[in-house]
Every structure is written in C-alpha cells, then in structure tokens.
Amino acid sequence: MTLWFIRGLLRGVVTTRYPVRPDASAASLPTPPAFRPQALTRPTADRLVGICPSGALRRDGSVLVYDVGRCTACGRCAAEAPHAVTGSGEFELATTDRSTLIKEIPVREEAR
Amino acid sequence: MTPLDLLYAAAACWLAAAATGMLAARTAAGLRACCALSGAGGVAAAAGGGWALFYGNTTVVSAGGSTVIGGTLQLQSTSLAGVFTALLGVVAVSIALYAPRYHSPSGGTALYLAAYNLALLACLAVLAAGGMVTFLIAWETMSLACYLLILRHPRDVSAARGAFWFLALSEAGFLLVVAAFVILSSKTGSTTLTGIAAHASSVAGGWRAAAYLLALVGFGFKAGLVPLHVWLPEAHPVAPADGSAFLSGVVVKLGVYGIALFAFRLAPPTGTWPGLVTMFAGALTAAIGILYAMAERDIKRFLAYSTIENAGIIVTAFGAAMIFHAAGQWALWAFLLIAGIYHVANHGCYKTLLFLEAGVTEHTTGTRDMDRLGGLIHRLPQSAVIAFVGTLGIAALPPLNGFVSEWLIFQGLFQGFRTGSHLTAILIVLAAGILGLTGGLAIFAFVRGFGIPYLGMPRTRPAAEASERGQPVLGPALLALACVALAVGAPVVLYALDKMARAVTGVTLGPLLLPGDLTVIPAHADFSAFSPTYLAVFLVCALAVPVLIYLAGRPRAGSVRVPVWDGGIVRFRPRMQYSAMTFSAPTRVTFDALYRPSVSVTRPSDDDPAGRSGPVHYEAQVTPVFERYLYRPLVRCLEWLADLVRPIQSGDVNLYLLYVFAVILLAYLLGAV
Amino acid sequence: MTAVEPKTVPGEVTMFQVASPHLEAVVRDLAPALRLADMFASDGDATTLRLVWANDTAGQAGYVITETPLENGVYASVSDIAPAAFVEECEIYEQFGIRPATGKSLNRVMLPPHADLPTLGHKPQAEPEEAHAQHTVGGQAFEFPFGPVRQVGVESLYYGLVTSGEEVVDLYLFTWHKHRGLEWRLQGKTPEQALFLAERTEGLSAVALGWALAAAAEAATGTWVPEAAERTRAVALELERLYNHAAAMAALCQSTGLTVGQSAAEIALERLLRLNARAFGHRYLFGVVAAGGVSRAPDADGIRKILPGAYGEFKRASEALLGTNSFLDRLEATGVLTTGQAKDLGLVGPVARASGLATDARRVPGGPYGDETAIAAATAGDVLARFTVMLAEAAESVRLIGDFLDSETGSGAGAGIAELPRTSGTGLGWAESPRGEALAWVELGRDGRITRARLRPASARNWRGFDDACRSQNVFTDIPIIEASFWLTVAGMAR
Amino acid sequence: MTAEELRDTIARQFGRSLHIRTLDTGSCAVCEQEIRLLSAPHYDLNRLGFFFTPAPRHADLLLVTGPMIRAFAVAARKTYDAMPGPKIVVATGACALGGVYPDDPFTHGTVDAVLPVDVWIPGCPPSPLALLHGLGVAVGRLAEKVRDLPFTEEHYPERTRGGS
C-alpha cells in the first residue's frame, strides 16, 4: 500500500478544474450541430430531416425545428450537408426546461 | 394435616380423571369432565407442593398393607420434592385448560387421557415416595404410562419408534437406578429414604460413589444427559402436544430430581471428582443439546433438543454445588442447589408453554416444519405473544425468568476460585465458559425458533390461512403468567427455595441472599447484587422511553408512508426469506466437526449444463453421531448376542422342564452354601 | 453429412441446407468438431432455423451455417446435443412461439411477465415456464433477491442468488428489464439506419456490433469494402478493446476494494477515451463504422502521439496490480470455469480464452488482420487468468494499431466508403468485440431494407457461463469480482 | 410546489452536499460508464459535494438513463417513491430525452413519461463534463446556457466555415 501511495504522489493531479475553469478535453467531444440559415434551403432541410436517425429534426413550414435533447451528435447531418451544418462546440446543454432545448432555425425560402 | 393430605387429594382427582377419561372421553362432556378433574388434581398438587416447600420433610407414612416385596407403600412429602410437585401441579393445570380444545373426543383420546392421568399419578407417587420400593414401583409405572402416552397414534411407525426408544432407554436406566438403591439400602440397612440418609455416613466412600454414579447414569437416561438423550428428539415429536409438554416439563425433571436426590439428600458422594464428572456431563449436554437444536427444523424436535440443553444447565449447577460441598463452601453448595432448582421451575414453565404452542401451530397449519410456516404472528396473535414470552424466557433474556436462574448459576460458577484448588477453579470456569457458549447459541437458536415460524411471510398456503379460532389459549397463558411471576417475584421464589435448601443441606442463606429490599445477592456478599424485580420494571420503563419520545416528538407535518425498498423487484416471495436451515448454516459450518454434514446438490440436468432448467434440489444432512456411532453398534451387538442364545429357546417342553429343574437345583445348592 | 446444395457467400462462410428430419443427425455430426456460435429463426414462407457453427481451428477458421426450413413449426431439441443452444431455444420460443419437439421447460430470457409485446413470428402460446425460479430447495436454501436496481452506476439486472446461508447453490439472472426489442426494431430499416441502433445495442462494443452488422449487410449485397476503411475499422475496434480492458481493470479493482488501483485504472481509461475522442470524434467510437466502409478517417498523428502515453498509464497500473498480492489473492482460483464448461456453453472472448479455448473471430481470413495476430491464452479459467488474458490482449491491440496505421500494403488506415446496392440477399458478419465474438445476420428485402436481422453480441453468450463461475465459489463477495472479470453488459444480453 | 420553489428549496437544502442514486431504465451501458467516470480522478465529483449512494432512501437526486422500458417502469416508480422529498430527477442522455427509441410497446421512449423530470442533460452519451454541468444546474449552482443558444452559425463566429 505504501508503494501505491508513492505511485499516486508521483502520478500527480489529473483532476479537472471544471466548472471553475474550462476543460481542454471538451474540445474533442462530439457536439450537436449548428446550422447556417443562409445555406439551409428547404430541400436541404428536408434531406437533413430524412437522414437524422434520432428524429431530432422536423420541418415546420419555413422553420427547421431542432430538438437538441434528442440529438445524438452523430454527425450525419454535417456529413450530408457540410455547407449548411457545422459543429456548435457546446456541451453545457443541461436545462430545467425541456422547451429550451427545442430550437427553431429559419429555412431560407427559395424563389418560387 | 400435612402437605401429604393435599397430595392424597390430588392423587384421588387424577385417579378419578383417569377413570373418567377411560370411560367417558368419547364424548365432549366426558372429555371436559376428565380435564376438570385433572385440573383440580393439579391445583391440589401445586398447593401441596408449595406447602411442602415451607413445611419441611414429613415423617414417612406407611399406607396400605401390601408386603409383596418386603415393604409397604411408604410416603413422605419433602421440601425438595415440593418444588417438583408444585411444578407438576402447574403443568397439570395448564394442560387441563389446554386439552379440551386440543383433543377431539374419541376412543383414542380416552385411552390417551387415561394414560396421561395415570402418568401424573405415577409422577406424584415418585415425588411422594418415602421408601425405595415405593419409589421404584412408581418410577416404573411412570415409564410405562408415558410409553402409552407417546403411543397416542400406535399405527404411526415413527410413533412406535419414538415410544420404543423411550421405553428401551427407560428400562436400561431403571436397572441402574435399582442397582444404586440396592447398594445404598444394603449398606445402610434401611429401605426408607430418610433411613438411608440418616445412616449414609456409615457407608464407605467407594460404595457411595458407585451408587451415585449408577444413579447419575440411570436418572441421566430420563434427564436426557448426552449421550443418553436419544429418546427425547424421537419421542417428543410423535406424542400429542400436551404429552410432549408433560414429558419435557415434568418427566425429564424427575430425572433431575433423581440426580438431586442422590447428590444432595440420600448419600452425597465424597471427594471432588463426582462433582466434576457431574458438572462436565451437564455442560457438554447443554452445549451439544443446543447445537443439535440448531440443526432441527421440526419445532418439536427443536424444543426436545432445547430440553436436553436445559437439563444440562441444571445438572451443571448441581455438579458445581457438589464441588463446593467437597471444598467446604457450604453457602455456595446451598446456593447452587437453589439456582439449579430455580432453573427446574423456570424450564418446566416455559418449555411446557412452548410445546403447547407448538401444538397450536401444528393444529392450525398441519405441520411442525418451521420451513413451511412463517408470518403466524398475523394469524395467531395471542399465541404469538404467549410464545414470545416463553421464547424470551428460554433464551434467558431479561426481564424473563430464564435470565434470573441462568444468571444465578453463572454467579455461582464464577465463585470457582473459592474452592481453594487451582485446577478445580479452572475447571469450573471452563464449565462456565461452555455454558456461556450455550447461552449465546440458545439466543441464536430461539431467535430462529420464534422468528422463522412467527415472523416474515407465510411460506405455505396452510400457514397463510391459519386461524386462531377455537385454539386453546388459557393453558399457555397461565404458564406465561407463571414465567413472568417467576421473574418479577424472584425474591419470593428465592425465599421459598431457601427453605428448601435448609431442609436439604441444613445451610441457611436467608438474609445473605435476600437483604430485604427486593434485591438478590447471589453467591457471595462481595461479588454482585441485582434485583430481577427492579430490572423488569426498569426494562419496561426503558422501552417506554423511545415510544414516548416518538409520540412527543413525531413530526406534525404530513409524512408519506412508502413500501419497503426492495430493489425494484416485482414482489417479495416467501422463498426469499431466510429459512430455519439457512439461518443456522453459519453454525453448521463452524461446528462441522460435530455435525459432519453431508451436502448434496442435484439438478435434473446436471449432465446438461446449459439445460439447467430444472429445479435445484439442495440438501444438507447432519449426521446423527450418537445414533450412528454409539447406539447402532450397541444394537448390533445385542442382536448378535440374541442370536447366540436363541438355541436355548427350542420350543420343546421337555427342554423347558429341564431348565426349571436346573434353576431349582442351583437355588438349593446356593442356599446350602 | 446429409446436407444438400452447398452455396457460399462472400467471406469464409459455407452454407448448407439441412432438411428438418436430418437436423438432429447433422447437429450430432457437427457438435464435436465445431462450436455452435448462434442459433436463430427467421419467418419467411416457412419458418427457417439457422445454426451458425464456428470453426476455431487455426488456419481453417470460418463459419458454417445450416439452414433448416421447419415443417409444422417444430424442431429437434438442439440443446440436448449442444447445450450451448439452450438460451437460443428459449429466445426462439419468445420470438416465434415455437419450441423444441421434446417439450422441455424453457426459461424466460427477454419476455417480461404478462407483457403483450410484438414478436417476430407467432406469439408464444404460454408464458415461459421460468423453471429456474421455481426452486424446490426444501427450506435448505433460500433465494437472495438482488436487483434489478443494484449498485450505483451499473445496469439494471436481477440476480436470484440461491444460497444455503453459506454456499452459493444456484444463481440465475433476469434481464428482461432491459429488453428493447432491437431485432424487432431493425425490421424495415436500411442498413445505414440499422447501424445507428446496432451501435446502441451494447454501447461498450459499438464498433464490434457496428462492424458485424455492416459486414453482414456488405456480405448480403456482395459489396467489397476499401481496404483502408477495413483497417480504420480495425483501429477503432482495437481502441475499443483497449478502453474496455482498462474499464474492466477498474471494475476488478473496485470489486476487490482496491480504490487506489481503481483510480490508476480509471486514469488510463479516461486517457484512452480522450484518445478515442481525439482520433474519431467520439469517446465511445459511435458512428465510426458506416455501411460499406467508415464515416471518418482516424487522426493517425493524434493516435501515434497519445496512444503510447495512454497505454503507458494502463501498463503502469496493470504492473502495479500484478505486484499487489492482496489483489491477486482475491483473483486466484476465484470463479473457475473449466475448459469443458466453456466449450459446452459455447463461451467466447477473453472468458473462453482464459479457460483454454482459442477462439477469436479475428482469425477468420478475409479481414484486415494478419495471420500473425497473437491470440492470448490461459488455462486456469479463474479471474486471474481472465485478467492476464485481457492484459496480453491490450498489448497486442497497441501493436496492431501501430501496424494498421503504418500499413505497408495500402494507404494505412483511412476513410472510404462503398455504396451498398439496394438488392436482396443474406449475409453473416462478425467482429471480435472486447467481450468476444459478435455476430450479426442480415436478410435484406428487394428494396434493400432489412427483413430479419439477428444481433448476437458476446454478452448474449457469456452470461450463461456466469452462474457456473459463481457456483464454483462459496463466497458471496466473490460474485462482484467474477462479474467484473466477465465484463459483460446487460444491454447486450437483453437487446 | 412550483418549479421555482423547488429550486429554491434545493439550493437551500442541497447547496453543499447532494447524494445521487442512478437508475438504468434500458441504456446501452455507455451512460453508466460515463457516470462511473464521474468519481474517477479526472472528474472527482466528490470535490463538488456530490456523492453516490446505493440506497434511494438516502438519495436526493435520481440520475436516470435509458428510454424507460415499459417492463421497468414499475421498478423506476418504486425507486422514485423510495426517495425522500424534496427530490430531483435528472434525465440523462439522448435515450432518456426521446432521441433513440420511440413510444412503442417496448419503451415509453422518454423518462418523463413515468417520472417527473426536473433537469434534462442531452448527449449520446453526455460526457462527464456535461454531467457535471447538469448536476450543477440541478442544484442551481451553474447557470443554464442552452436557453440563449440559437444553434445557428452566427452565434459561433470563431468557427470556420464548413468546419466540423
């Protein structure tokens, strides 16, 4: 047990300072996508809705309804439409109000 | 008028009860009449016994003119027998209250009640016997009556087996008892007990010791000393509940009475070693008795083993008393006699109670197997409370009576250092240690003995549907009251027992033991003191404190009651409870040298490891060591001898005439010499 | 052999048709030589019973599948000959309502009591007998209920621990609390959609299950995956093995009460998980495997830079543990599984290898693994043997990752994806997950959607060895140690 | 009790020490692994005054993972009922928030179909950092951010176009 003690001392502290300070390891976490409304046309939005495996996306008229809670950050939408979808880098998503997780992204109307 | 007159009245009642039972117990009214007579006899016996305690020894009364074997019916009431007589009376009364509801009127019941009341009568005769011949005849009558009593259901093989065990060991013991009496009687030239006691000092030490050892073994068969105990667990389960209660409450105690008679009254052996032998016989009996009790799941067998344990405790106290006598510590001699006899009374009450409640359980559920019971406290609340009182008593937990007498015995044993011999002192402390182990195991055993049948969930449908309606309550309740009285009234009891001890030993403990303020100073003035009465009052008050605190301080705000946290399981099932056998498994593992358990696990698909769909069958059997390694060889040996002498019995009349002739010739020749 | 019409599918898989009356004889023929790796039914025009046999012999590794169309919905009791099939017989009853012809009692595996759940075929006529729960132990033993809500941070699982107070007489598990009906859910999904659920069947072997399912779909459509993508899958799989073995080490320390060791192992575990996130963008490697290839290339430089340090933590922790006698004493001779038991029960992975069975799906030719892949082995069959096997495998994983990243034969490990044609077909896929061989079987309809998918994670196999391992012991407190050394998930069993 | 009152009570009563019981209602074992890592040296939730407790009787917070399998709902409810009030339920991971399994014969699909959820933590799985943030939010120690996040690119000017 003494050996373990010395080993522990030699190993040093690895504990994160989060939440007092940000943690660097957060940078490589998968995060929910953010959308670029300029590039988000109606067909693109429909394609994204079709490809989302977790049902986080739904188009309601000219709005893409995005449920961050249901999003698994699988990255399929970003792979499908890299010009319209990018990573948000946000991981602090906890909320006490479920409705705040539902975002409405405006969809660019095509000229008819 | 002497206490004997009350005993005559009791005897008359019991004789009448036997006759009524025989003739009329086929009807409910006859059954009740028989029990009423039996109960009246019990009242008379209890009163007579209590009176005899204070009265001292009466003179020997010769009654009847029979001169069959050179003696008349000699009767005497003594202080020592008084305790046992009073116990006999109390047991008889409670059984009389119990029996009318327990038995249904029938021919079998009639015979049973006749045998039972004859057994009561014979027990009374043993206790009132003033002469050797009377004693022996009464003793033998008692054995035969008890044999019939155990054979309530003669067609049942196990009943026949249990009764046979009882009879065989009784007869073996009887022979030794006869021999012991013959030695003392021939050496003192007297056949009355008083006469033998008066001339005992003239008997050589060797003869006294021989007589004592013969008596110890002979009465040990009845008292259930290991290894002479094997009849108890066989006979108790097969007898009716009140019969078992009577066997454990009284008949076993008569064995103890016999030992006390030889150890303290007739011709106490000289020297330290008879005391040591007695003490260790008792201590080992106690330890082995409780260990075997732990391996039983049949309630009555469990209680029978517990009886063995308690007999062991009493005999240990007697043995230690004899040691102190040899060491000249007269006060301790008398004190341990008192403590032992106190335990006799206590055990007689709570063991009878527990057997009666076992009968209630068996009647309402149809089984004695603890692992088929459970949750009876909800179905049989009155019985459960009564049984709980008995359990507290037998587990020697304060404030009940078992605690008082066991505590006194321990206090006596702790005085071992006053014997003057280091070796003896160490041996006495060793015996105290064995008794300590026994006491701890007894608590464990009775937590199990009460918890498994009465607490938890019912394990079978009959247990779930048991009903208390129509079940006897009064008899056991009377005994529960007696238990409480023996605890709270300890100073009174000790005052009476002090009278008894003075009659037997001539030593007066009086003010030393009882300073007069409900306190008891056991064993020695500068050792310890306590008051069972105050203890009981204090414990009740102490238990009330948390209740009062709860009532006073419970939150006024609304609280929520939710079920027990169960890990989210669908529902608890009875099979998820500790069972009697699993509860005692740690003991089984710790003492496996004694138990030599054989474990077998079988599943139907053992050859098919993935197909383990079948039910598991698990069994752990305790080896019956004494039956297998002591009695079985003995029985084989006897059978072999019987085979040897079989040619003598040819069936030829001429040959038999020759035998008669040879015997007469031999008698003449011996006479001529 | 009474087989008809052999036909082959891509990979080292041979298929035979076996007529229903001959099934018993064929099983009798195959059982001594091959390992019954899986058994399942499919509902088509007639219910078809498929038995997947694995050949573990070095150099001949591969799979044999026997197909038996069932007449009148009965089949010979396979488990009477090959005991490993018993759990599957129970599953087939729950999913299709058909049971072995012998009418033997079947246990409850996935079906919750009194549940009205959709099934793959007919509903079972009656509830499963739950035979193992009806103990007639005669009061000499009782059931110690444990769960389903157990310690903190573990999955829901019910242990019925039958004990005599001291000995473990029997132990059985209920896992139906976690049955999510995955095989039912996969019906009608495209392989791409199915992968999403397959990874979440048993998240701790997401790569292995994803690979197995993707490989099955690729086999069904005859798709060839780019070699670089295959190597990327292998890198991910070995990273998965590494972090799982680190997690198992932490769990072993926790179960033996060695908190310092647990912390050391958890430092290694966290560093390996961060490596995963750096290399593939997900701590548990979800989403790496795609149908027809991989969705992303690994950050090879990141792996080369971080892996030695992370594995160094792992190695330091494991070496310190191997020098701690109080720890090893708890492991030695605990939870012993004999070779015979492991073989009869068809166990896989480190558990089987620690009991002397050299089974490893990585040995099947056709994948990115070469012949020189070392298969760790031990014979003692106890917890210590499983621990040492895991350590040896971790070392081999590090070597393999380096090999794949610097592969001479191709472009190393990279992204690459082949389009799956939308055709019908059937295929078997496999991968060696950290817990052992994971199997997937896929039947695709004409539109390329799944009509029947069978997922068999290693956990579904190895739990059946758990009670035997526990019963070899008479000490309750060893059970958590045994559970940690198996390192299984309930999710994989109750999928 | 309204949500605001509950939060006040919690901030007052659990400001410094909070005991957590986890509940798996059908997860894939990965959320459990991340929860276990909370007590690992890298995250060490005890430094923040959070503790795990196996007994729901001692727990203040129920950390629920998985899509709430119907067969498990009774056990989940029992666990919740066994906790003394005031109590917090945290739905953890995409499964618990309805992202993986729909409402069908096998699963309820979301935890709030059975238990009254107070805090939602998205993520598949939520990383230990996300869990720490969620616990902080649950006791009112950390601010909620997601309310103000539009998840449109304007909000993330530091990110380059097309970066993923």
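When the chains are written out, they are named A, B, C and D in that same order, and each has its own residue count from 1.
The criterion applied here is as follows: a residue touches a chain if its C-beta (ideal position, glycine included) is under 8 Å from a C-beta of that chain, and two chains touch if they have at least 3 such contacts.
Please read these numbers as outputs of a predicted model, since none were measured by experiment.
Set against one another, A-C and B-D show the most C-beta pairs in contact at A-C. Each chain gets a centre from the mean of its Cα atoms; for chain A and chain C, those two points are 31 Å apart. The distance from the centre of chain B to the centre of chain C, with each centre set as the mean of the Cα atoms, comes to 64 Å. Centres computed as Cα averages put chain A at a distance of 17 Å from chain D. Residues of chain C found to touch two or more other chains are 148-150, 156, 263, 267, 270, 283, 286.
Touching two or more other chains at once are residues 14, 25, 29, 54, 72, 74-75, 79 of chain A. Among all residues of chain D, those that touch two or more other chains are 41-43, 56, 72, 75, 78-79, 100, 124, 127. By the definition of touch given earlier, these chain pairs are in contact: A-C, A-D, B-C, B-D, C-D. Taken together, the chain D residues at the contact with chain C in this complex read 20-37, 39-43, 52-54, 56, 66-67, 69-72, 75, 78-79, 95, 100-101, 104-107, 124-125, 127. On the side of chain C, the complex with chain D involves touching residues 112, 115-118, 148-156, 176-181, 184-185, 197, 200-204, 206, 247, 250, 263, 266-267, 269-270, 273, 283-284, 286, 489-492. Residues 193, 196, 260-261, 263-264, 267, 270, 274, 277-278, 281-283, 286-287, 295-296, 316, 320, 323-324 of chain C are the ones touching chain A in the complex.
Within the complex formed with chain D, the chain B residues making contact are 560, 562-563, 565-566, 568-570. Those residues of chain A whose C-beta lies close enough to touch chain C in the complex are 1, 3-5, 7-8, 11, 14, 25, 28-30, 53-54, 72, 74-76, 79.
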